[in-house]
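These are the structures in question, set out in turn.
In the two assemblies presented below, chain A is common to both, partnered first by chain B and then by chain C.
And now, the complex of A and B:
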């Protein structure tokens, strides 16, 4: 992996560690606060036995209360992190590094785009590794549903992949770094809130839908194609 | 020339996409044609892209291609998602987010059209989204079920028509219509929906209701009457038919609720030789009732359980909260408290003990609901009276009890899913502090420290 320039850059760049540190601090605090709120919630359970509130408590356990909310929060953190981590090609074009690779090493535009996308996915996976500790910590006190954890991480990685594809069309443009990040964040948040949320929500509850996977596959393919077209066109007409 | 060719190709593509929706019977052929079309289009677009010399034309062409790809992606998604809508993988423990296999096999075998109408609450704070989610799941397995929601204010005429057919229908519940048959469910759940569908498909099932010993009348709307019980059961597909002693042996199911007078020797003899399902709901103060149970093999106390939690309903004569002690199918949909005015302890050696008085310790939990062979005994007094039918738990419990006894062949006898039960969970403050330090400070600080080292 280290033979890719992006990996070397990421792991030698303080930006990666800062993003990872903030990501883990926020997700850790969210995990802790959800754990405390769940304990408080369950402490009042016996008082509600005679009331209608028992209806609201039915179906609630650690797995259905804590993890969907926690992974829902990760989703928003991913939407913030991905535009920062995947702003590579625009930067490369400013430094004219892409010309070097396209001409000297015989790579195509598509290769570069795919490499940036998969680098982002792997970098996010590295950031998410310490979060595996949260379900492990929970498993000390109760039985954890690892099926939900597995599907939630799968959903999260697919969200990272799709988000990376979504930021690609803007990332390949030769526009200032901050503008690209800001625009991509806005686009991702709007799309997630209005369109992508229902696709990824089932993953957080342990459901992997074939229609959701198809959606991700088609949309990501279309976005990669569009990114490549934009990249080629802007290079040709520059 | 090239532009004309490109426009013609775009039209052919649009025609194929529209054809797929308009002529679903030729789905496969259209898909093959579309695949061929994409190949041809790819070649043509590529040649036009490469040999075109004008930059302006090239840019326009690129835009067209991008738009076309977006259109194709959207079309393929809609076509594919429709086909794949029923395919999913449930990784949750116990597959608690999927319909039970019994329910799925039941709806797959439906031979009649079923319409399910959910009645929304006036302020829209209801289970409509849950209803739609569940019905969507059901629709994945059958085309027989159609569903919709109505609003009692916005769809007043339709709501009134439903109320005329099903008197206990109210906002938050749903009505199942199968031809002339109807049934009603007052809570949105997989169990309640499949139960209501079953009731509407098979029609009303008659159950004998004994009279002549001071039992509450089925048309009495006073506090001690049983009219609400009878109405709710009727809407759920169970029709109570009052029968006297002479006809008991012709009944498949016989219900006796809160008798006030002792049974005669002949009646006791008839009940002992009765081979249908006998459901008794009421106190065991009467000597003849205790004798009957003794002969069956259940010892009943003549005095009510006295260490009761009476605080909740002191204004009435007592009020006993009953806990289930067994995950029996009849409790599948019980989420509220079951309440009766008084209960009597039941003892038996080889019977199923299903419910007990709610107590502080396990030794306080005295059995009050037992099943022995074909006899169901619940020693709660007035549980089916109009007053106590106000409690949702009583309605859910009696519905479950009647369904279990009346229709033992029902499809949804899967055991309760443990994941649906609340789990008591506690972490000591010391461990919470350790968790806080590790997840909020330690792990992020390691990464932030590395960022300083990498500068």
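And now, the complex of A and C:
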């Protein structure tokens, strides 16, 4: 971990604490509001629906109501956080730090890109650790399906990984940090809404599809390859 | 031997050439100084020689191998070069000792820190150092790494103290290695094997 410069850099950088703080505050608020609406639903609606089996027919419980919505919300937070956490290479190029890293070290452009992607995944994993408290707290009062929780977290980490790969081709460009973040956020939101949602939504219901995993693997490999080519070819204009 | 043959570089077809037919044969090891005014293309020349900019014309041969004939040559060359760009900025929130630990190469020893007067700043964050000391940290890292050392304006924003100790630094820690330095002014005290002047994109 000592040699993982970016990881150490994040923990000494106020940006990490701002992103983590906002992420946890929003996720906590969302958990609270979903829990309140779930409790209201379970308490109030049976009075109106007395005598019917609608509630049972709908199969409403925390695993089908609360957690998929909570993890769905995390996905949007991830789409905002990843561009901030993974816009480093362009910044490193501005500071000419990549020239230091690429000489006398045996490292290649691909190594730098992969390091940024995996640092983002690692950092997001650290940010997500406190959110484990929500299912744990809920399990005190009701039965929580940990299979769904596990697949939701796995889906979320895969989303972080794929999002990092998606922002990489733009992050390696020598464009201002703020422009890169803003551009990447818009791209990720559009792609998620129209394209990636169907791949990641099943994870939040405990469904892991081989086709989804294969899609993520192929797309991420292609994006990493494209990022490396862009990085090398833009050397001329560096 | 590093051979530059009619090296030219321009950002695009409309822009004027920054390098315009540079030719030189630099034996290895040797100490070479490239002088030139601001904006004459000194940094571009070092970028081309270390594989960060592709020349528009001409070629660079390192030990007889054309550097830009294949991508692998560039990657291989970079492993034996330590390059300090003039405007290098390290991550601001990490300490000097961490950088030296992370990037200090096989030639690193504590005496380099003493010569550069950096010992008392080891626990300081990079952001808290003055520009002059930031430059010294960059210099300490660059001198301690790689086989060939390329320094772009190493004495920029430096006081007389470092200007006086630079020759000692070079003679002690860049021994039997190739040193290529660019500067707007002559650097006294170092025994240069060759001194070139970069003017109108041409090495003289």
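Just so we're on the same page, the second predicted complex is superposed on the first by the 225 of 238 C-alpha atoms of A that agree within 3 Å, B and C clash if a C-alpha of one lies under 4 Å from a C-alpha of the other, contacts with A are read in each partner's own complex, and residues count from 1 in each chain.
Definition applied: contacts are C-beta pairs under 8 Å (C-beta built on N, C-alpha and C of every residue); 3 or more make two chains touch, one makes a residue touch a chain.
No experiment lies behind these values; they were computed from the predicted model shown.
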If we overlay the two complexes on their shared chain A, which of chain B and chain C does A:153 touch? Say first, second, both or neither. neither
Identify the partner contact of A:100: answer first if only chain B is touched, second if only chain C is, both if each is, neither if none is. second
Should A:13 be classified as contacting the first partner (chain B), the second (chain C), both, or neither? both
Contacts of A:161 with chain B and chain C, given as first, second, both or neither: neither
Who wins on chain A residues touched, chain B or chain C? B
Of the partners chain B and chain C, which touch A:24 in the superposed model: first, second, both, neither? first
Figure out whether A:108 sits in contact with chain B (first) or chain C (second), or with both, or with neither. second
With both complexes superposed on chain A, which partner does A:67 reach: first (chain B), second (chain C), both or neither? neither
Can you list the residues of chain A that touch chain B in one structure and chain C in the other? 12-13, 236-237
Quick one: in the complex, what on chain B touches chain A? 55, 58-59, 62, 65-66, 69-70, 73, 76-77, 80-81, 84-85, 87-93, 97, 312, 321, 335-337, 358, 392, 419-427, 431-432, 435-436, 438-440, 443-448, 450-452, 454-455
Which residues of chain C touch chain A in their complex? 11, 47, 50-54, 71, 75, 78-85, 87-91, 93-94, 98, 101-103, 105, 125, 138, 141-142, 145-146
Okay, in this complex, where on chain A does chain C touch? 2-3, 5, 8-9, 12-13, 95-97, 99-100, 102-106, 108, 232, 235-238
Chain B partner, complex, touching residues on chain A are 12-18, 20-22, 24-25, 28-29, 31-32, 35-36, 38-39, 42-43, 45, 49-52, 54-55, 57-64, 130, 133-134, 137, 141-142, 145, 147-148, 150-151, 202, 205-211, 214-215, 218-219, 221-222, 225-226, 229, 233, 236-237
